[in-house]
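Below are two complexes that have chain A in common, paired first with chain B and then with chain C.
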Partner chain A sequence: MNDFLERNSKYIFLMPAIILLIVFGFFPIIQLLRLSFSSFTLYDIGEKIDFTGFKNVKNLMGDKTFGQSLKVTATFVVGVVLVELILGFLIALAVYNVIKRNSFFRTVFVVPMMVPAITIGMIWRLMYNTEFGIINSVLRELGVISPPLWLANPDIALMSVMVVDIWHWTPFVFLLIFAGLQSIPEEPYEAAALEGASDSQTFRFITLPLLSKTIFITLMLRTVLAFKAFDELFILTSGGPGNATEIIGLYIYKTAFSFGKIGYSAFLSLITIIIMLIISGIFRLIVRSTS
Partner chain B sequence: MVLFLTIFTLQGFSVGKQEAEGVKEITIAVNDSPWLPGLKQLVPLYEEETGMRINFSIFPYKGLYEKLTTAIPLGSKEWDIIFLDDTWVSLFYDKKYLTPLEEIDPNFTVDPAIIEYANVMRWNHDKKYTTPDGTLYSLPINGNFHLFYYREDLYKEAGLDTPPETWEDVKEAAATLYDPKKPFYGYVLRGQKGNAVVFNFLPVLKSFGGDIFVDPPIDWTVRISDEKAVAALENYLSLLQWAPPGSGDVGQSDMLAMLSTGKAAQGIVVAAAVPWMDNEETSTIPYKMQYTVTPKAKNGKHAPLLGMWVMGIPQSISDERKKASLEFMKWVTSFESQKKYTEFGAVPVRSDVMFSDLADQKEFRFLKAMGESYDLVTERPRMPEWFEIEEIMGMNLNKAVVGEQSAQEALDTIAEEVVNLLEKAGYETGIAE
Partner chain C sequence: MVKKRSIATISIVIMLIAFVLTILPFLWIFITSLKKFKDIMSGSFLFDPTFKNYRSLFFERGSDFPRYTLNSVIICISATFLCLIVSSLASYSVSRFKFPGHLDKIVLLWTLILHMIHPMAIVLPVFIQMKTLGLYDTHLGLILIYATIWMPLAIWMLKGFIEDIPKSLQDSAFIDGCSTFQVFRCIIVPLIAPGLAATTIFVFIFIWNEFIFALILTSSVKVMTLPPGIARLSQQYFIKYGEMTSAAFFSTIPALILVLFVQKHIVRGLTFGAVKG
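Take a look at the complex of A and B:
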């Protein structure tokens, strides 16, 4: 017995973690797959999950709202990720080179990331309020007679919610890029200085190539996270006006809990997971090729 | 894992122990609503009288729905009483997740002073709808419905007749009182996508003699795009000229803020929001707001919409807990309790409270309007597909409010999509000519 325990001690110590992984990892995935191929609704809770084959695939083909939410999501993701990358990169460079890695500024820039998403949604909704919000109040003081309807105008509502996401997640990009900058050794810079390279040449031929892996990993992480955005938009607009800001997460939530279509919403979640796996797969290939 | 299992077992043990020793406490699942403070002030009186302890499990509105729809069907014993929005009742009644009250006490009858609210307490399992002869599953706990809030002082200053009866009266006042320079808005409407705009538009629709269906549950023909509905929506959209810009994003809290800070003259709002108007912490115009029945079209009818709550007893709990819960429900709907409940800032569910001496007090002047409205109330369709219908309506009405669609386009789209939805769900339906 002691012999058995000694020989298999590593498996025995790993067992609790494996059990937790199965219970909280695989089991929900199996349930998701079962529900995805069913027409289970809130009315059916407590009953068996029926298998309806590819009925949900047929439903998806005729679902114009999902197509529209996919378009809105794509616009949202591309917009926020690009801006966050540029801003986060610039801030990281500034803190690294100009402010000389001052820990106070590093902490200040990271604060938005620490605020819960629900709180951010509520605060920005108040700020964007047409009548009482601080943004329009300031604009009126500056002489703007008809300040924008930030969340009520379908032409600018999506941009308004993107601003909130950019405010929230740029610090994340900043942190990753800053860590990447810190990991670059000094020697290439010293060699470049000896060769008489200018700042822009140093940036183009040393900093960027050595940072490329970090940039692509950051892009991948932010893209996947942006795809899953929900909390802030739920509070800010609930997908309105019309469906101008109805991203996939909101549509899936509505399908599950407003319409009660648990099976179909599980299927939409599965489609979303597949899309995110494809995106992250592409990024991983790029990262491998840059290595 | 061991700790988790230990806690789980101990909790189950304590519930079983409580039942063995007799019921000493009741737990109620409730949403975090404006009237909850009123109920919380009331229950200590019951605790004093009976020695029973009342606990509240409080959730946000959507969170409560999610909790109840996932836990109750699985036989949760966590709550003794659950509160339900009147649009949720069809699921809980039809699937028999609640205990018929006459099963707990065969001699129980509903006090005639308790308002029926379009039969919300009763479910007919054959017709799958709330009907007067249905099984009694709940009692009302919050008798919320629409009133028309208007600045009586400004009306009188401008020489306008009060109270406004018709939409023509309202529009005349809106045009007279509107001052874009201040700005002061002649009307405020709740045009935000989803439940907000649907809830705000339906009393207008019905006041024109329009409706979503011809005669539920007998005739599910969709009539939302007929000429009465178009006239109603055009009337609703015409109010935008005197309303704040960005009405397409105005929710309930925005609307209340506009009215209570003296920035808007009038609007359709629920009775439960009355305390906001007189509370000096939330209002710059205390005691200036007046209340009346929601307006009607010239040849239409007053049609305030219900937005109320009922309380029911889950099937899964023990008989002792059911009896204790029913006793509490009877107590809380008695005349004395309801009078105190109203004094604590909530909305009564009894007509005798509306006609009591409370109505003569300045703080409770809204009771007169409630007394004139309660037997005119209308309901949203009590069917499982309602949320999807509300989503369709909410999307398209919002598009009309923000100018993306005309009234006819919005209503035609709604009619088509609702018919598609109901046909897939097996209803006999079509679009009315």
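Take a look at the complex of A and C:
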């Protein structure tokens, strides 16, 4: 018996993980595929999943709200990732210029990432509050007569929500780029100094190229994560006003649990997965072609 | 020389602005949580501090907040424990042994895919699955799904730490006659202890913060965790801003404490083991 256990030890070690992954990972994905081509609703739970072929594809074609949601998601993802990349990079450079070791500053700056996203949404919703929120209070002190309705105005709601994500995740970019800066060796800089290179030349021809891999990984990780945004927006605006901030996660949630159309929302999830795979694929292709 | 000094000044200014913007929301929430309702609405900077909001949140009859906190503690500790055990065993076998049919590579790839998928895509079928299995609105249901969802993170992080251990240590132990499990228990685990601790803390924090699965897979106060509890509070409490800010601040406390312990491996944890920092 002990002999059997020892000979197959590597399988035994892996088995619990495989069981969990199959039961709660693989099996749900199969179910997702089946649901995607069904008209399963919240009331059908306990019954068999029917098969309705491509009816959901037809539903998708006529679904203008989904198109709107895609637009909101694209604006959101591109917007936040770009701003976070630029801000995080700037802050990383600034901090590296002042103190190259890991410091108290880095510890503090990382806190937004460790706090529950729902709490961040709640905090900012209170800060955006038109009557007592700190933002409008300060604006009123500065003499602004009617400060903006940050979350209720359809024209600026998306921007307000993006600011929250930027506050939440810029530290992520900062952390990675700062780590990248810390890992650059001294030699190229010494050589450049000997050659009499200026600061901007050093930056353009040494720092940037050596950081390019880090920047790219950061871009890739942040983009994948930004697509999954849900918690903050749920409590900030819940997709509103209207559909102004209804990113894809929120739309799928509403379709499933407010309208009860589980089959159709499963199909939408499938579309989202395919989009994500395509985008990741593009990223990986770029990595492969540059190395 | 002048240029160097002005770059240094700009750097310090940027640093300070970022610092202030980072802590301002936390500071404001904390201060507001200590204000009476009339002080909150008047927006004044001078006020009599009070712990009334926290008392109301925790001790008032009919407040669900203590229950939410207890559920979070139970579920997070159990799920973290389960996840770490399963992941450390799996991570060791995948790092150090070859498998027929590339089973190890398939498992690793599968964990990557799971990480990329939108949580909504998984929670929909899992919702139906849990209802069918009778695990809906139970502690066990959430514990199992959480352990599975964070396996990728734990496996990838631990893999990095295990691979840092020289193979020769393991080989000599085998030659001395140790079984695989003994090698795991006596050599690997002690040597990756700091990495194991960091991984545990990260898994714990991420599970503590998790919202979507908790929201959809629980419905009663008996099982609901803090994040959906807070969302529910904001609907129920309507204008009880004092209680809302206290709840918000309270939920940040684990993060504020734990962040001090993971500084060394924070880049590894937050990039999923992809970057060693």
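Going forward, the second predicted complex is superposed on the first by the 278 of 291 C-alpha atoms of A that agree within 3 Å, B and C clash if a C-alpha of one lies under 4 Å from a C-alpha of the other, contacts with A are read in each partner's own complex, and residues count from 1 in each chain.
One rule holds in what follows: contacts are C-beta pairs under 8 Å (C-beta built on N, C-alpha and C of every residue); 3 or more make two chains touch, one makes a residue touch a chain.
No experiment lies behind these values; they were computed from the predicted model shown.
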Which superposed partner A:Phe227 touches (first chain B, second chain C, both, neither): second
Touching partner for A:Leu219 - first (chain B), second (chain C), both, neither: neither
Which superposed partner A:Ile134 touches (first chain B, second chain C, both, neither): second
Chain B versus chain C as contact partner of A:Val173, first or second or both or neither: neither
Comparison of chain B and chain C by chain A residues contacted: C
First (chain B), second (chain C), both or neither touched by A:Leu181: neither
Which of chain B and chain C A:Val81 touches, first, second, both or neither: neither
Touched partner set for A:Phe257, first chain B, second chain C, both or neither: both
Chain B/chain C common contact set on chain A: 16, 20, 45-46, 129, 131-132, 257
Chain A residues touching chain B - in the complex, by the definition given at the top: 16, 19-20, 41-43, 45-46, 129-132, 146, 149, 151-154, 237-243, 254, 257-260
Contact footprint of chain A on chain B as seen in their complex: 1, 62, 65-66, 69-70, 73-75, 91, 95, 192-194, 244-250, 254, 257-258, 263, 384, 387-388, 390-391, 395, 398-399, 401-402, 404
Footprint of chain C on chain A - complex, ascending: 2, 6, 9-11, 13-14, 16-18, 20-21, 23-29, 31-32, 35, 40, 45-46, 90-91, 93-95, 97-98, 102, 105-120, 122-127, 129, 131-132, 134, 137, 167, 171-172, 174-176, 179, 199, 214, 217, 221, 224, 227-228, 230-231, 234-235, 248-249, 252-253, 256-257, 262, 265-266, 269-270, 272-273, 276-277, 280
Of all residues in chain C, those that touch chain A in their complex: 3-4, 7-8, 10-12, 14-15, 18-19, 21-26, 28-29, 32, 40-43, 85-87, 89-90, 92-94, 97, 99, 103-104, 107, 110-111, 114, 116-122, 124-126, 128-129, 131-132, 144-145, 147-149, 151, 155, 179-181, 184, 205, 208-209, 211-212, 216, 226-228, 230-231, 234, 241, 244-245, 247-248, 251-252, 255-256, 258-260, 263, 266-267, 270-272, 274-275, 277
